[in-house]
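Each structure below appears as structure tokens.
Both complexes shown next keep subunit A, but they swap its partner, so subunit B is in the first and subunit C is in the second.
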Partner chain A sequence: MTPQYPHASMYRTTEGLGLWAHRGKVAAVGVGHSPTARRWDGNPETCVGAWSILALRKAIADAGVAPDQIDGLILDPVTTTGAYWPEGAPVPMDVVNAFKPTSDLLDGIAKLSADWILQNMPELTNIQFVMYAPRCMSHAVVVAAQAVGSGLTHTCLVLKSWHNFEGRYYQGGANAQDAIDGTSAISRLWGTPASYGTALQFAEYCRKYGKTHDMMAPFITNSRRNGLMFPEGYWAQHRPEHLTAEDYLAARWIAKPANLFDNDIPIMVSAAYLFTTPERARDMKHKPVYILNHASSRGTPRSLTPTLDEVEAETSKTGRKLYEGAGITAADLSFENTYDGFTLFHQFHIEGLGYRGMKHGDALDFYQTDISISGPNPVSPSGGNIGSGRSRFWMHTDCIQQLQGRAGARQVTGVKPEIAISGGPMPLGGNFTVWSATPG
Partner chain B sequence: MILISFDIDGTLEVGDPPGVLTMAMVRRVQKEGFLIGSCSDRPISAQRAIWAQHNITIDFAVGKMMLPDVKARFIADVYYHIGDREDLDKRYALDAGFEFLWPQEAIVQPWFL
Partner chain C sequence: MAKQGVVPDALTQPFWDAANAGRLVIQHCNACNRLQHPPAPTCQQCGSGDHLAWKDMSGRGTIYNYGVVYDCPVRLLQADQPFNVAVIMLDEDPGIQMYSHLPGTPVDQVPVGGRVEVIFETTANGQKVPEWRVVG
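Showing the complex of A and B:
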């Protein structure tokens, strides 16, 4: 089956669209995660394909649905942003031959096609709809919401996987070549770290509003604390280390004012969700979490890097789109789970949402108050990428689990979990979802 | 007096990835009266926890760019930093006026044998 790419009409990118036509008519029920690892150990059972299968099977079992009832699969075929198979390195044929391979021998190792998944999951006998949603789970989630809502699929698996290899992230691929083309020839010519654009925006933010980088410390400690209560996460599984304010403030700069702990740690991991209609969800194993709306940012900067003004305008617009389509206001949010990988743009997202009445410039002061899961104003209860490693999906899993009441030690207690927003990655260029414990 | 700063990941056996220097070697030089500690990208609190888990009392635990602080704080005849990265260990060490050793160079030093 040839996967489709989403048509532009599947996204809600502008204001004035009114209530989302499928508001409350799409539900997430099952969640499945693979284990995590810092890097691939070279074994077949831990390659990105194997862990994808594991996550998918867990999501299916978690939902309590028969595999032959599943008719849709949405995934990201790209499984990294910065770890590439070394040019000329031999392909490990023992790994390739441990599965049913496709014509691309690195499929399932350094990338992931729908064909590879379907060839290696024979129980998925009824897949009628396959779509690619590149870049991150936030993208796959909004595409899945629209696909289920519009009837393209009624029971759909949503998958995002990440591989990581030996060596330094972002040092291979195009960055290892002698020449670079396209826009990158200008924007990345000087070998800037990935976080530099966000760092520039944050520096301007601090100047404009009279804030300091040190004021990020409570957000960082809160995120790691929450992450250590995420048993699916990297830090909880491998290095249960808290990040103290002292740790954060002593870290070296990566792109000042972004320091080491403002950047996330690349890992290997897969996650899958099972989306369906409310009618079908009734017979499944867990309480459905309904999607009230989704919205996407497709803002483009005037120059190489978005300015703070452009960032603030775009995040406010995203907030308005989300509320308009969901038929809610900021006051309806129980908590927020917007993206944090890099930490220094989390405040742009939540100020754009107007979370707890915030306006631009307020978030760092807000971080000095009780933002824990036990307080009245939880910030990033998932802990995000800082809390559990680079996946870009902890926020979605957390929203589902919180609203189902099965977030375990991470369960918010200071508020009743009813409505939440997750999404990202970037303030300009992201996909966001409004989740609800009820269909609205 | 000799001061040795140890990187952790890729240098010590407890690192990720593990390095060639064992905690027994660290204990040996400490017993000889060396000043010892770690200089790593690991959180400072996590560095301290690693040493505590191995019952080694350190003189310092700092971030990568804090070797100048270590030099200012301790008087020694020679300052060494042992690490596995050109940019994050060797460069910082030399900039701070430390002698630099790769782990495979360090392991054959007489103090560790």
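Showing the complex of A and C:
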């Protein structure tokens, strides 16, 4: 089956669209996660393909649905965290031959096609709809919501997987060469790491609003604390260490004002969700979590890097789109779970949402108040990428589990979990979802 | 600093040729009278590819923002860490940005809002690149 890429009409990118036509008519009913690892250990049972199968099977079991009832699969075929298979390195045939391979021998190791999944999950006998949603789970979730809502699929698996190999983040390829092409050179000759653009926006934010980097510390410690209560997460599984404000403030700079802990740690991990219609959800194991709306931001900077004005305009627009289509206001949010990888843009997301009445420039002061899961204003109860490693999906899993009342030690207690927003990644380019405990 | 060499491509050849001649040029859409950078095959405002030209700039600007890079992914620059990377706004249009290492400016002592002028630095393969230095 040849996967499709989403048509532009599947996204809600503008204001004025009114209530989402499928509001409350799509439900998340299953969640499955693989284990986590810092890097692949070379074994077949831990490759990105194997962990994808594991996550998918867990989501199916979690929902309590028969595999032959599943008719859709949405995934991201790109699985890199920034690590690529070394050019010229031999492909590990023991891993390839442990599965039913496709014609691309790195499929299931350094990338992931729908064909590879379907060949290796023979129980999925009824897949009629396959779509690719590149970059992250936030993208896959909004595409799945629209696909189920519009009847392209009625019971759909949604998958995002990440591989990570030896070597340092983004230090190979063109960055290791003596010369680069002219188009790339316009922006890349100056050697900026990935967090540089966000660091710039944060620096401008601090100058404009009179804030300082150390005001981020409560957000960081809260994120790690929440992440350590996420049993599926990297830090909880491998390095259950709390992060103190002192640790954060003493961390080395990466691109000042972004330090080590403002950056997320690349890991290997897979997660899968099962989406279906409310009618079918009635027969499944867990309480469904309904989607009230989704919206996407597609802002483009005028020049090399987004300015603070551009960021704030776009995040505010995203907030308005989300509320308009869901038929809610900021006051309806029980908590927020917007993206944090890099930490220094989380405030842009929540200020754009107007979370707890916030306006631009308010978030760092808000971080100095009680933002814990037990307080009245939870911020990032998932702990996000900072709390559990770079997956870009902890926020979605957390919204589903919180609204189902099965977030375990992470369960919010200071608010009744009714409506929440998750999504990202970037302030100028992301996909966001409004989740609800009821169909609205 | 030893920047990577540059291999001009069709889209950016005029920009790099001008740099070798000691001139700063920026792509300009003659249809909507608008500068754009980075260069693109079409105007990002009107979509036209037929009205794009290269326009000489004065080579003067202002420092809009900056960060300090301590963990650089580019191998050739790692020996020079930490270093400034500033964002310059051109006098002709403050919406047009260019990056700069600000040669001569101490690390993390970047005067945001300060005036700069263009200079041309030679990269690893001899191609020149616009850079900026603080003036006044």
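For this structure, a couple of remarks:
To be clear about the criterion, the second predicted complex is superposed on the first by the 427 of 440 C-alpha atoms of A that agree within 3 Å, B and C clash if a C-alpha of one lies under 4 Å from a C-alpha of the other, contacts with A are read in each partner's own complex, and residues count from 1 in each chain.
To be clear about the criterion, a contact is a pair of C-beta atoms (placed from the backbone, for glycine too) under 8 Å apart; a residue touches a chain by one contact, two chains touch by 3 or more.
Keep in mind that this is a model prediction, so the values were computed, not measured.
Look at A:Q119: by the touch rule set out above, it reaches neither subunit B nor subunit C. Within the superposed three-chain model, A:L200 lies in touch with subunit C and out of touch with subunit B [touch as defined at top]. Residue contacts after overlaying the shared chain place A:R252 against subunit B and subunit C alike. Set side by side, subunit B and subunit C differ in how many residues of subunit A they touch, and the one touching more is C. Of the two partner chains, neither subunit B nor subunit C is touched by A:S150.
Touch criterion met: A:T244 reaches subunit B, while subunit C stays clear of it. Judged by the touch definition given at the top, the superposed model places A:T81 against neither subunit B nor subunit C.
Within the superposed three-chain model, A:R38 lies in touch with subunit B and out of touch with subunit C [touch as defined at top]. In the superposition on chain A, the residues of subunit A contacted by subunit B and by subunit C overlap at 252-253.
Residues 3-9, 11-13, 15-16, 36-39, 44, 64-78, 82-83, 85, 87, 95-101, 108, 112, 123-125, 129 of subunit C are the ones that touch subunit A when the two sit in their complex. Taken together, the subunit B residues at the contact with subunit A in this complex read 16, 41-46, 49, 62-66.
The touching residues of subunit A, when paired with subunit C in their complex, are 168-171, 175-183, 185-194, 196, 199-200, 203-204, 207, 252-258, 300, 302-305, 307.
In the complex of the two chains, the subunit A residues touching subunit B come out as 38, 239, 241-244, 246-248, 250-253, 260-261.
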